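All remarks here apply to the structure that follows.
In order of appearance the chains are A, B and C, and numbering begins at 1 in each one.
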Amino acid sequence: MLQVLFNGLVTGAILAPGAIGFTLMFGILRFPNFAIGAYITIGAFAILFFDQVAGWHIALAMLGGIAVTALVVWLTDLVVFRPMRQFPPISLLVVSIALSLILENVIRFIAGNDVRGFDIPLTRPVKLSGLMFTSEQLYLIALAVAAMFAMHAILKFTKLGKAMRATADNFTLAEVRGIDTDKVIAATWLIGGALAGLAGFLAGLDLVIEPLIGWHLTIPVFAAAILGGIGSPYGAMAGAVLVGLAEEMTALWFDPAYKVGVGFVIIAVLLLFRPQGLFGQPEIKK
Amino acid sequence: MEVKGIVSGYGRGDIVKGVDLAVGQGEIVTVIGPNGAGKSTMIKTVAGVVPARSGSIAVAGKEISGLSASEVARRGVAYVPQEANIFRSLTVRENLEMGAWVLPEKQAERLEMVYGFFPVLRERRDRRAGNLSGGQRQMVALGMALMVDPTALLLDEPSAGLSPKLVEEMFEIIARVNQAGVAVLMVEQNATQALKMSDHGYVLAGGQVKFSERADVLLNHTEVAELYLGVQG
Amino acid sequence: MLSYLISMTTFVGFFMILALALNLQWGMTGMVNFGIAGFYALGAYTSGLLTVEAGWPFLFGVAAAAVVGLVFGVALSYLSVRLRDDFLAIVTLGFAELVRLFALNEDWLTRGPRGLPIDVRPLSGVFDRDGYAIFYLGIVASAVLIAFLVNERIRRSPYGRAAKAIREDDVVAEVLGKNVLRIRIQIFGLGALYMAVAGALYAHYTQNISPDHFTPVVAIFIWMSVIAGGAGNNKGLLLGAGLVMMFLEGSRFLGEFISFMDAEKASAIRIILIGVLLILVIRFRPQGLMPEERFKGPSEI
């Protein structure tokens, strides 16, 4: 049981940065960006490139990959979404799915379908009072927790972070008060992209790296964000851990191949009974 | 502030059909009129939230029509919407800080000033603004607008939804803000009370100015009193 | 060459049925469905398995696919029609992934990634090979025609106008007394039925189905067909489906001429191009090639 909880925590740690990134973008841009999975894939491959082709140290490669992902994600806004800012959310949603296929296949075009992994020494699993874990798993959790603290600090203590929360809360008022919403939006894409890059690294540590790595995480990431109340970064963190736990628990009874299904069932059930998420407050409708 | 012949609206039709207004330095000007007269759209147009289709809006001789809401805010014209006028999920203090976005160097000084106007906000500064009472939420909204050291305030029904006692308090606060040298243009349902403290009044109906008089004249104007102030005979 | 054309036209037929289905759900009623591949697969496997494993005749298999599609469509929409459109997108996408995972992992039933061979075909002894291709094209064409006529009938009926009122604004439709929930479920179910029938016809045509025929890319092709053709316009999307197929095939030929690209890269390029085209169409011609015909209300006549 302890093992299951631990594995759930690891899965939650992989999902958390992506879920936070997704929910931040949703909060400000008001459409679900399906390309989040493709962004994660870009992160994994960018880090892989710095790690294996450029031969950087893995920590450096991670930072480089995160920077590249943030940049690419921001560019997708400039080129694709920004000119369509006034379009209905459903159009943007379709666009984001198309974008996700484009990015995924750009990766496939460059890197092929081969299965890869980061160049890190394999470590022997450690056994501690019945709990098996690897040092990568510990790094993974530590990184996810660090990202959450960093995110918390940005949102709570920096002017830009507060403006992001304000803009997500009430876009019109933010403009009326003179908040530079263009800057806030750009920051949101960059931060969301950086989080996706980190998610790519975490996913690459735990799973094999292939062009669909991010796609497989899309539905669990959505589940985590929706579970936490879409638009709420703190909810997304908690949601990620819950989805992770649920995935590992159901793997006790079902074929682990159906992990994605767990996310889907969580979404379906939750949307049915509590569309505002477990921790969200009901939307006030006029 | 000089507003000349502004036309605006949503979709195909015009709601505001050529309105002229003037607000002198340090004046309080109130716009009254029946529901659907275009008062709210008019003030949103001045604030840059709804684009003006024609006409001009000048503040201290400088044209501001055609500017976005945030650019208007930067020019010292602070608009307070009637609804959704605070960031509910932010604390009181964070709300006020957001108000100071365009004037960061004066933030500390302005914060003290706003707390001076609304001592209760200092007490509640770490509360989520959405959890405050209606009156306190209005204070946050007004306080946020004051953070930019505005030359003019645009208020869309500042007394809406407040209890009679709070309405009085609200108007007192507006008067105090005004005494500190801020011109006020407001749209109000509480016509009599608002006009009593105003220098000038306008009656808007069907998107056009029907009357423009000194406030005390307007208050004693029989036709206006009957039609818009709810005074019988 | 002729047999190639016939085969391509048959494939366009499957696209057309799927596009007509999506037009019911999205174009006319405003429900976002990204789980097209899920219903398509459901129909294909239902008919395939029942005919191959249980020995059912072709027509029964297709009918069973229709029923299964309808049941799943109604169930899924019953669960989620109250959702905001963007959440419906997520739920349908998740559903399609689940169906694909099931086909992939339940080897004992679906034979997993190796694929399910299907040798049952209607009247297979009567025609020679070329004749049969034409005959099957006839079957698919009839299905397209029926679906098209049903769609047009719905579009022109008061029921269809109610669906459109829902698309424009749920709340208004509710106020007008349209039973929003019921109409949404019925339309979604009917669309799912079309998709499943398309899947069944596809299965008996290709005679081998495997999970990788049913990836989310299918949804993009169909969305592209509907959007390019003009959402809400049944004729437009037929054109759209044809154009998308021509594009897919055309780009495949191109891929063969460019020798330095292997099949994998060529297929990646095709999907990239489709994605780019879809985004361009949405941005620059959101109404499609053939914009929806506007209805004249009684007052306008």
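By definition in this document, a residue touches a chain if its C-beta (ideal position, glycine included) is under 8 Å from a C-beta of that chain, and two chains touch if they have at least 3 such contacts.
Computed from a predicted model, the values in this text were never measured in an experiment.
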item: Pair of chains ranked first by number of touching C-beta pairs; value: A-C
item: Chain closest to the middle [Cα centroid of all protein chains]; value: A
item: Taking each chain's C-alpha mean as its centre, the one farthest from chain B; value: C
item: Approximate Å spacing (C-alpha centroids) for the pair chain A, chain C; value: 31
item: Between chain C and chain B, distance of the C-alpha-averaged centres to the nearest whole Å; value: 54
item: Centre distance in Å when chain A and chain B are each reduced to the mean of their C-alpha atoms; value: 42
item: List of chain B residues in touch with chain A within their complex; value: 47, 49, 68-71, 73-74, 79, 81, 84-90, 94-95, 97-99, 101-102, 104, 144-145, 148
item: Of chain A, residues touching chain C in the complex; value: 31-32, 34, 80, 83-84, 87, 89-91, 93-95, 97-99, 101-102, 105-106, 108-109, 112-113, 219, 222, 226, 255, 257-258, 260-261, 263-264, 267-268, 271-272, 275
item: Chain C residues within the chain A interface of the complex; value: 32, 34, 79-80, 82-87, 89-91, 93-95, 97-98, 101, 104-105, 216-217, 219-220, 223, 227, 264-265, 268-269, 271-272, 274-276, 278-279, 282-283, 286
item: Residues of chain A defined as touching chain B within the complex; value: 159, 162-163, 165-166, 169-170, 172-181
